[in-house]
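Each structure below is given as structure tokens.
One chain, subunit A, appears in both complexes that follow, with subunit B as partner in the first and subunit C in the second.
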Partner chain A sequence: MNNFSQQQQKIRSAASRLLADGTVRFVIGWAPTRFAERTTVLFAHTEAEAQALVWNAHCTAALGKYLLDHRLADYAVGIVARGCESRMINRLLTDHQIWRERVYILGAPCPGMDAERCAGCRERAPVVWDELLWDADGMPETGGRQDAAPTNLDEATIADVGAGLALPAVGAACSRPLDTDTSLRSRFFRAEAVEGLSAAEKFSYWDEVYAKCIRCYACRQACPVCSCRACYVDMDRQGFQGKQHSAADNRVFGVTRAFHVADRCVECGECERVCPMGLPILGQTQKLIKEIEALTGEAYVQGMDAEEENFLGAFDLDDKDDFL
Partner chain B sequence: MMYLLKENFDKAREALAGAYAVVVPDEVLPPKDALFPRSETLYETDRRTGEARAAGAGGKTLLFGVRPCDARAIGNLDAAFLESGYVDANYAQRRENATIVALACAQIPSPACFCDSMGGSPHEAPEADVVLTEAADGSGYALDFQSEKGSAVAEIWKAADLIGPMPAHLEKAPAPTCTLKVNKVPDLAQKLTAAFEDGLWERLAEACLGCGCCTYVCPTCYCFDIGLENRGGTADTFRCWDSCMFPGYTQMAGGHNPRWSKTQRLRNRYLHKLAYFDERYGRTLCVGCGRCICRCPQGLDITRAVEWGERL
Partner chain C sequence: MSRIGVFVCHCGTNLASVVDVEKVAAAARELPGVSYAAEYKYMCSEPGQQMILDAIAEHGLKRIVIASCSPRMHETTFRKMLKKSGVNEYLLEIANIREQVSWVHTDSGVATEKAVDLVRMAVAKVAKDEPLKASSIPITKRALVVGGGIAGIQAALDIADAGHEVWLLEREPSIGGRMVMLDKTFPTLDCSACISTPKMVDMSAHPNIKLLTSCEVAAVRGYIGNFTVTIRQKAKYVNQDICTGCGNCEEKCPVKVKSDFNKGLSDRPAIYRLFPQAVPAKPVIDRAHCLKLTKDRCGLCEKVCPLGCIDYADEDREYDETFGAVVLATGYGLCDWTAMYDEYGAGRFADVIDGLAFERLVNASGPTEGHIVRPSDGAEPKTVVLVKCVGSRDPKKGKPWCSRACCMYAAKHAHQILEKIPGARVFVFYIDVRTPGKNYEEFYDQTRKDGAVYVRGRVSRIYKEGGRLICQGEDSLLGKQVRVAADLVVLETAMEPAAGARETAALFGASADANGWLQEAHPKLRPVETQAGGVFLAGTCQGPKDIPDTVAQASGAAAKAIGLLNKDEMETSPMIVAVDEAKCSGCGACVDICPFGALSLEILTAREGRWERAERFVCKVNAGLCQGCGACTVACRTGAIDLRGFRNVQILEEIDALWT
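The block that comes next holds the complex of A and B.
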């Protein structure tokens, strides 16, 4: 049994209310597409559009990154936030990318969606919210996909209220490469899959992975940590790294991305979900987080509040490494 | 009409390996990668003497199992790289060396396919040299050899005794129809261009991440960037895929960016696919393969822009 439809109603009513009383300019949530097992992201601007928001196992995209598009906004933005979105929001707050008072957070405890990125998720209840839409008690704390009930196709007809276009339903899955095994796994499942290998085997494993990389940088675009206005990969004339796809450049990109994000990574798994080539790149950040935990002997979980220090960003004059 | 038994399908592919480098298209990336590679060296310059030398663009290839939409997409790339007044040497060489063996779709491979709404057909690939179409009883493939390059393939298969005349009682299976039906109005290009300032573009783009997946998996995107790589003894000039979904694509040296917002960038992609190419080459760039719909991580759907035409 799932509560998706009741909870969906709560999302719609809350969003309608926020739009009606002018608290926010729009509410970011999900809407159905014409494909049964896919949703898209909807910015609901009106109460009518709020009635097109959906909540089901196919709400796989994380919404947090969109807040960056509105970081200079002089208006408030509403957002439906599960565990992953709430940690993304904390990430953006910690990094001084958004104003807390310009985000209205509708907390939505999550049962785990039909995406591989949810399989290792340990924080399903939001950690920051303005309004908790339903109780997190009784929600499974862990556990991959809980219920892959298809998108209610009747709703596809109102999916495009936002754009004033009605979409006839097609009614079959249109899957992405990695959304296959959504069973529950350990927090560091990708890293653990590689850890047993010898150094040489690891090297060739990652070389094989990155040989497939087409350097589209979707992994960066989706990542809430990647908030730099100018990313080093776009400075290809400065000589950090070329734009060509070669073993060496792909390797440099893979390692650099991992090191730029790992100590601030909120483990949302979006980088991997969006990769069109289906590359298991979560393994890198998971491994680095594991290493941080091993080095400090403490749990290292980012995005739990908006004040935390990140491991590589912390600066201390008494640092024992005198080269600093 | 010649005929290939299903049980000989793999042998037919293997028989070609002697004469060609056989490329079987990847499930995600379109076959354009074999003609317009994601990254290629154009020329190498000797750093001591300053002498430049073209890197060349490989030998004979054969693309085996190309979908009809992708074959049609190659026709569009031909228009851009060969027929626009400038002949792109590397593309021309690869294209000249490439033989295209298309496999007509017996079933519609994806619910996002809409080639028959865009003027194509799951069973027709006039750009291909050979087309394999399943027989109605599923026992094998009817073979259409559509060019000289195709005849060369026929000779190899005949010599290997893999093909014979199609039995008289057999016929081609009827073409399947795409489940996704999109009403593309005849004057879509003019209508969308006229709606350039419409507020709907912004609504369509709101959910876009700007990740560029859609352009990298598109069989008809052909934008590239050119760069230099220091290889020690030589400086290599390479080109690699680029995407109009990236801000850097239109970034000027002085800092100005005429397409500074993602709405402008998405509008450019949709208009290039559905209007600008029509205006220049008289054919729609988007062939309706559905890849950008399937691979878009946020569920954006170009057919919304096509259907918008009905209301404009």
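The block that comes next holds the complex of A and C.
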């Protein structure tokens, strides 16, 4: 059995302390809901509220993006940060969206909360923190995906991913059993599942995906990389993006979204988690990351520090493509 | 109503022979917003331009589309024309129906259809064009010349004589470059040093010229009119202000290093001047070989120096200076044939030398005082083989170009051998003999009359047999293999761009072609300019050439630099990017991708939402640095940064027009 309850106590007392001594205006964490198998996000402003913070296998929402709502604030915000949150924070720092001194990070190494979503995750311990609440011993290997041997997907798994799509698992996150297997899979298992398809199968696969997309932009809202003040899809005169709900315009949106985040994605999986239609969005972005790795022959993991350069967005005299 | 005028050019028959220009004009008349369309034989000519101006006046045209050659050819011509008309010169679009249509299509029907498409796109875009206005920036009235060979020297003297301050930067300890290594110059056979050293002295004495030797360009910021150049002064270890160049130190230095200047045919000390007539005429210490600097021993030069000039603690220094114009004269090097030609012995035979080594051998101030001898044993060679196009004109060796000067200096070498060694025999292996230059053919002819034997063919192999070098090759006129037993073989090797030229040019924003030669802005009409404003090319950095062409080009580059420096301020293109700060989220994607360093993030403090003094990053554009390339506009996911004259909405309008 895990030690969620001891760790939960550490979160509560650290949050209480930060609120009591005025280090932060509030602490972002999770709180229970009236459904036992579901948590919600809590902005704890008082010590009493801090006692309502929870830490369990239902803490699926990633919290990093909430910092963006306070990017203009002159106060500091506390946040419980697992591997994914910490990489989201680095992402926001790299993109100059938040100020490091206005975020107080409570590092919370994570065992992996969701069988499907966390299966490819190599960085479950935080990479940046102000205070590490407990050490990462016993966690899956961190510090670079090459340390962990990728597990090859068997046919059944591929079929399984496809099946999840054919019947979008709306609300699947609520009904997930507690003792799910969150052990490591291949980092790119989502992309690899699709790579196995023939060209014709891929076409029909993506046709199906884009026919289902309802263009709610929940993926954008949840994504820590989507930090633009104005998103191109909201602009009335952005000529190449139609507003119609059609598979063709959905496809333009899907491909554009993937390229907008491609080289900056921290692979937190929030896009897939929040998608009400259960579409395989992260796999799409990860395919691009996989291509970057194939092109450079080097590991490409974003969010590991706040100073990294974006692969697709930097000019270098040694660029192979001398378009200028 | 847009009141657009469309003018279709025939370009003589260039366009009209493939494209049905009348049909294009007729189709243009039907397009929305077009008030007038006409065609004419040469739109760029005086009557052509007048015809456009008349039509503007007569029909009240507000925007102009010209269907003609590439905008790179005549866009500026037509912009200048529009200045006389009252129509803003940026309400102009060029539909390129020559390079993109008539020159690449043969089927008239298809070509005409495509030309109509391009005109329709240009009409759609011009309707969205906005009037733009050029701004101006002040010019720093000082030129930098990079490279102190004959090209750099000539350019610097010309600019200085025109009354402008010039700094000449040379990475070697002396100016002079390759020309001072040569013995005599074709076709007049005047002594190379005798005509170049006086120019070098003029340089050092000129009140407008500052000479920087042992210097490199470390970094460049800025743009035309205002380049801020970080100059790296390499340590000389000799106080150049006090040193009189007495030469005591050079005599006493115990170190012997192969002299690069003499192509390894002699030695020089570790404290040395490049050659006796070096400018400045003061020695420097070669830090790689000095015993004091490498092993902390010796120190003889310090002891013998009567003035205490030696400073072993000297260090490299970097400092910034600002220049208005830059002339790149980085010159050439000879290709390393030893790495390319195993069949010629790859450097194993001492008596197979390159042309520049021969120049040192035959030079009166060279290691042998002008006696042509074999490097191996000092004997006078009786049979000499000259091999042309070693490296040059050989795509298999990676150098497809003709080095241009070698035909003539091979003839000169043949002449010098026949003159200096009585009874000598000279064989010249060649592919072609190219002598396009004043008095060149005559010189070549004389060399053959002197007795040089020209063999048309390449040498396939050089090997040693009985102490002599056997040059085997095909005489392709006879269709026979020939073998010549030679005492000395001179390889007239290919010129290649000087090491580091591409990198130095890149610092200034100038580019190099696939072979590494610096790229001129237009091969015919702008041969001394580069794509980077205010950066000009002189001499062999741009491509192989001989001394007369080098000097002529250097004066051309100087004229361009003088023209720029004569102005107090200059107009900048208004077709640069602009940032919509309301949309900009300050992510910096544009900053990382800008090749010109024109963009930066700055903190904007403003009231926003519920925050009184919210701080956030926004992108700022340096109008002087932005070249309008548009790389940032595609990096910006929001479209907060947009290129004036090529706004996203204008381009989308063009694309829409293609599909409607």
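Convention: the second predicted complex is superposed on the first by the 270 of 324 C-alpha atoms of A that agree within 3 Å, B and C clash if a C-alpha of one lies under 4 Å from a C-alpha of the other, contacts with A are read in each partner's own complex, and residues count from 1 in each chain.
Operating definition for what follows: a residue touches a chain if its C-beta (ideal position, glycine included) is under 8 Å from a C-beta of that chain, and two chains touch if they have at least 3 such contacts.
The structure presented is a predicted model; accordingly, all values stated were derived computationally and were not measured.
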Task: Which superposed partner A:74 touches (first subunit B, second subunit C, both, neither) - done: second
Open item on the list: Output check: A:299 vs subunit B and subunit C. Expected answer is one of first, second, both, neither. What do you get?
Closed with: neither
TODO: May I ask you to decide whether A:199 touches subunit B, subunit C, both, or neither, giving the answer as first, second, both or neither?
DONE: neither
Task: Winner by number of subunit A residues touched, once subunit B and subunit C are compared - done: B
TODO: Quick one: classify A:260 as touching subunit B (first), subunit C (second), both or neither.
DONE: second
TODO: Under the contact definition given at the top, report the residues of subunit A touching subunit B in one complex and subunit C in the other.
DONE: 237
Open item on the list: For a test of understanding, state which residues of subunit A touch subunit B in their complex under the given definition.
Closed with: 33-35, 38-43, 61, 65-66, 69, 160, 162-165, 167-168, 170-177, 214-218, 221-222, 234, 236-237, 242-246, 273-274, 276-278
TODO: Can you check the complex and tell me which residues of subunit C touch subunit A?
DONE: 503, 506, 511, 582-589, 592-595, 601, 608-609, 611, 613-617, 629, 631, 635, 637-640, 648-649, 652-653, 655-656
- [ ] Please give the residue numbers of subunit B that touch subunit A in the complex, ascending.
- [x] 27-29, 38-39, 110-112, 179-181, 200, 203-204, 206-207, 209-213, 216-217, 225, 227, 229, 238, 240-243, 246-248, 262, 290, 293-295, 297-301, 304, 307-308, 311
Open item on the list: Please output the residues of subunit A touching subunit C within their complex, sorted ascending.
Closed with: 71-74, 95-97, 227-232, 235, 237-240, 260, 309-310, 313-315, 317, 322, 324
